[in-house]
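First chain A sits with chain B, and in the next complex the same chain sits with chain C.
And then the complex of A and B:
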């Protein structure tokens, strides 16, 4: 309970920071103060400064935008694509299912982060490309989960009743099956968010993804790793934020899944 | 021998699930614990062997000879050795990776050899010693239940608790297993607590019957005395059991549904559904009053007449030949082929021919594996037959997939279905009103959907306010009536009913069957009524076909087939119906 409340509180703060970043940041995140580089935390700079004298706290606040937006785009893209493909494969069955699932198996054999590093590295980086690659590589796993959720539902009597009543395939898919696989979709959505948050941070850490100079948690982690003796807060800050956001989303996602799957289900069948 | 006093079961939030149950079982005595779902009968049994679900707690006392069973830590010396539990589902209670012999050897005390295993199997009627080397999946349901019984008896317990041991079995197998239990129990002079939802089974197999309702005992009587029940609930249960020997003009159920035990702790639990209830009944919980050799928890006992009304009407004359044929099935064959290394074939239908006239009702009866459900699915277009022909209203519907879409839509409007499981046949995500409206729109007419939904609900005896509810807020019987309303919304001419009441408690079966009879008689909708229950078939249908291993072995007017069966299989089926009469006094061991 208390952990969930803390998670919600932490996420709330991060979202507010993303929305109000410019107003609440004490300094311009890009402003350099070459006289005060790598300063430990003090009254003016709560988390100190980095090696170019930029305020770490302001950069962390500015970084919330890319930290939330990128993973959100990845999660949404993955959810829409994997749900559509998974519904089709699970309900149609036959050769359509076989073709889709073999393609899924193929992508499964590829180590995702490695491919992302190679692709983004070869094509010269860029945030949109990193997002696109992460979507493409995450869709197969979620497709498989949506498909198995559909398989569990498709032979239940209510689906057969819908066929007997004479409903079309589209209606059965979207009005009947979709609401019942939605808990799985939402749970996957939040897990994709977490995966993308960590994945994008890792790419940024490697210098891929967001452009140079942009305030980004993953990039800050890389830039400030040399300051561990002078101003450890500059490195620990982004690391802690990435961990806290990832953990909070996971915890709240679990709860959301429980609530959604409890709705409309039988408490107990005698 | 077993003396249970004031047994209670609470859940984690201290809500009462079983309240103050007391009873005794003597050596060699069979006591039946009868109740519908939610009555607490299985929890009572599980409390006795400390197998309650984790968050539940039991209270009170249960002494087996001089040993207290409740609240023990050292259960291993008691469970299995002195008291054993036989569970319901023969398909999941054996370990699929262990042979029959392994199951027995690990249960038998000391070092068991092959001879002992064979002897134990012979005791439960398995004479072929080779069975010891087989795996559970190679055995039928009845065989598995026998193996489970042999394992339960391995340590020679003095008391056996059997929780619905025959519910998952076919009627003919049920009869054999009940007879076996009875024989073994007599031979071993073992106490037996038989838990069942079926009053007929309890009366036939038990010396004494305890009736449970909403977590409490409401009546206790010798089987022979149950013809004159002393509690209105028992009377209602007896009346709800449909008759296999005659057709009843009105099927009597018990209105309403079983309340949660925690909601009725301070009142008579049955008062809301009881025709004899008076205000005083809801003031406090009536105790079980001892009346000599029986006991009742009705505070008005003796003052009310509970004898069942004698009602019978002549069986309807079959009219099929006189009317136009609606459904014609000719020489239908369905073969399932497995995919895999060893290709096996299973013939579900081996050439079935039948017809249903407009407005007629035809029963298809048979045991599991007889092909009756495959037949229904083929008629509904949910599976394509291997060969043969299905004609519906002049339209060849053998393969729905090959129909032109206009014809398919026409066929879908001619035939609708009521499925067996009321818990999965409604989409849990949608309200009753949404489901019905969706079906109504398929009728293709311009209509006032909202008022049509109301009249559909009225037709199946549900209040209009139910349109806003989701399935989770409905009981099984109510869900099944919504499923019927959904089917009727399309105004079909044929309604396929696949075991529509098999999953329902007996007291609510009647309401559902009445709705189906009304659809048939008043709306003129033909019924293809698939059931394993001959009594239910007698109440609803004019004509009957009996299926066995994918073939029709007998057909004729329902009354003729049931009163004078000719095929040996039908004869066996009819004889296996547990009748309402108690087992003969000669076998009974009445003990104190």
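And then the complex of A and C:
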């Protein structure tokens, strides 16, 4: 499928930009050129310049690392916590399960980003606090999914067999159940990444989270909003980039989930 | 009998959630950096009279639980206190800003229903055709696109580039308002359309594989009846379940879209109040939002009861 190839290509470019940022950026992302402010794209500045005459493309490239790192932290944090809690709730059952699920129900419907806006805005904790809040509030939904995946597995013959042989709980959970709920975990991991990418960009767009001057995609959207007449590329660039990365990772998640669960099915058949 | 028990349980759960939320929201004042007086004073001149008045009004000399009780009983009478920034009643400010957000939300909701359900239904029926793939890919892009990014792209193409729509403000009068709110509503609706279309497509594929559809077709019922009465109704449950998700998206989306288009709604009020540390307004907004989310989830449960007789009789959703 063309779409899949395109998204893989886009992700590849973004990862290269994150790794090699300083070498491939045509200009210094912080260098101002007050004689050439808000210039539309030309041969030197492919996406033009912003209000302070900084090269938009170089700033986009420089922003890649933060754009990927924050969401990666959130996704990993959410995956580890929700998998651990979901495994525990689903396998133990009983009061542990009920207690965990009541707590999950309580925060399940709360939109994480809204809380992040309030908390980061009021407490002014910036980027680290934003990441913490996003992790804490994204864990419940994923926990619920891991738990139902565990519930679907826990009474299958292989788990029964492992129990009969007398394997310990930890061994059953991590060596036997975990690999079988892994497709769910990986799919959630990538979805959390997308949610956090969009969420952190939104916070930066609203002026929360990242400090001024930092080359951040969301921040650039807000800063270059006023250039819609003079150099729309300065504003559309980051908007398109955020959307393309988010869509590509979502697509990758869908694909990985399909592949991993298909492999599971084939193995079961054999 | 079962229906009553089911309802009672859900209402009780909703009330508990709301109570816990109210406690957290109240704690915002105590937890925000600086002393409560400083927060409540804002940029005003700290005269002894004003400080005394604020201490009395917010019962700052009482212990925390008493203060909470006092605040909660005020909230039940829609008294959220006064804004730090403008000294106006928070309720009045909320009421004034509600208008634009309601229009925006309803407009976007209508767009979601008009676009997503037909798109998802037709894609689900014509599985693996070019149309289905088109819908799937578009929905994938839509679900990933942040509302502010979509908003800014729309703004620069249709607002500034083509000049079809006004680029800021909410307009007055019906027609003017519709034209002002079209771009924001589209920006807000994109994510909702994508979610609902995906759900509808998946649910339709599930349902159309069922025997009762094959049987209905075999009986020679018109396509309209098969799709409308059999397929749509049976695929409605998962779609309605996603309503809660869509609401959560649109609440967050409203904040971003209103900021993008400089609309004087509740979302932009939240951003303004948060950045000026106007805690009473933030508290009012947070409670309103929580009540909305919890209320909609309750309504979703009621829809289950209405739509699916199995839920009415069997127990447990």
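As a convention for this text, the second predicted complex is superposed on the first by the 262 of 270 C-alpha atoms of A that agree within 3 Å, B and C clash if a C-alpha of one lies under 4 Å from a C-alpha of the other, contacts with A are read in each partner's own complex, and residues count from 1 in each chain.
Please note the rule applied: contacts are C-beta pairs under 8 Å (C-beta built on N, C-alpha and C of every residue); 3 or more make two chains touch, one makes a residue touch a chain.
What you see is a predicted model, and the numbers here were worked out from it, not measured in a lab.
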Touch test for A:113: chain B only (first), chain C only (second), both, or neither?
second
Given the touch rule stated above, what does A:260 touch, chain B (first), chain C (second), both, or neither?
neither
Which partner does A:166 contact after superposing on A: first (chain B), second (chain C), both, neither?
first
With both structures superposed, pick whichever of chain B and chain C touches the larger number of chain A residues.
C
Which partner does A:176 reach: the first (chain B), the second (chain C), both, or neither?
first
In the overlay, answer first, second, both or neither for which of chain B and chain C A:158 touches.
first
By the touch definition at the top of the document, which applies to A:11: first (chain B), second (chain C), both, or neither?
neither
Counting only touches as set out at the top, which of chain B and chain C does A:194 meet: first, second, both, neither?
second
Contact footprint of chain C on chain A as seen in their complex
1, 3, 105-106, 109-111, 113-114, 117-118, 121-124, 194, 198, 201-202, 205-208, 221, 225, 228-229, 232, 235-236, 238-240, 242-243, 246-247, 249-251, 254
Complex interface listing, chain A residues touching chain B:
156-158, 160-167, 175-176, 179-180, 182, 264-267, 269-270
Under the definition above, what is the set of chain B residues touching chain A in their complex?
37-38, 380-382, 408-409, 412-413, 415-417, 419-421, 423-430, 438-439, 442, 470-472, 483, 486-487, 490
Please name which positions on chain C make contact with chain A in the complex.
13, 16-17, 20, 28, 31-33, 133, 137, 140-141, 143-146, 148-150, 152-153, 155-156, 159-161, 167, 244, 248-249, 251-252, 255-256, 259-260, 270-271, 274-275, 277, 279, 282, 286, 289-290, 293-294, 297
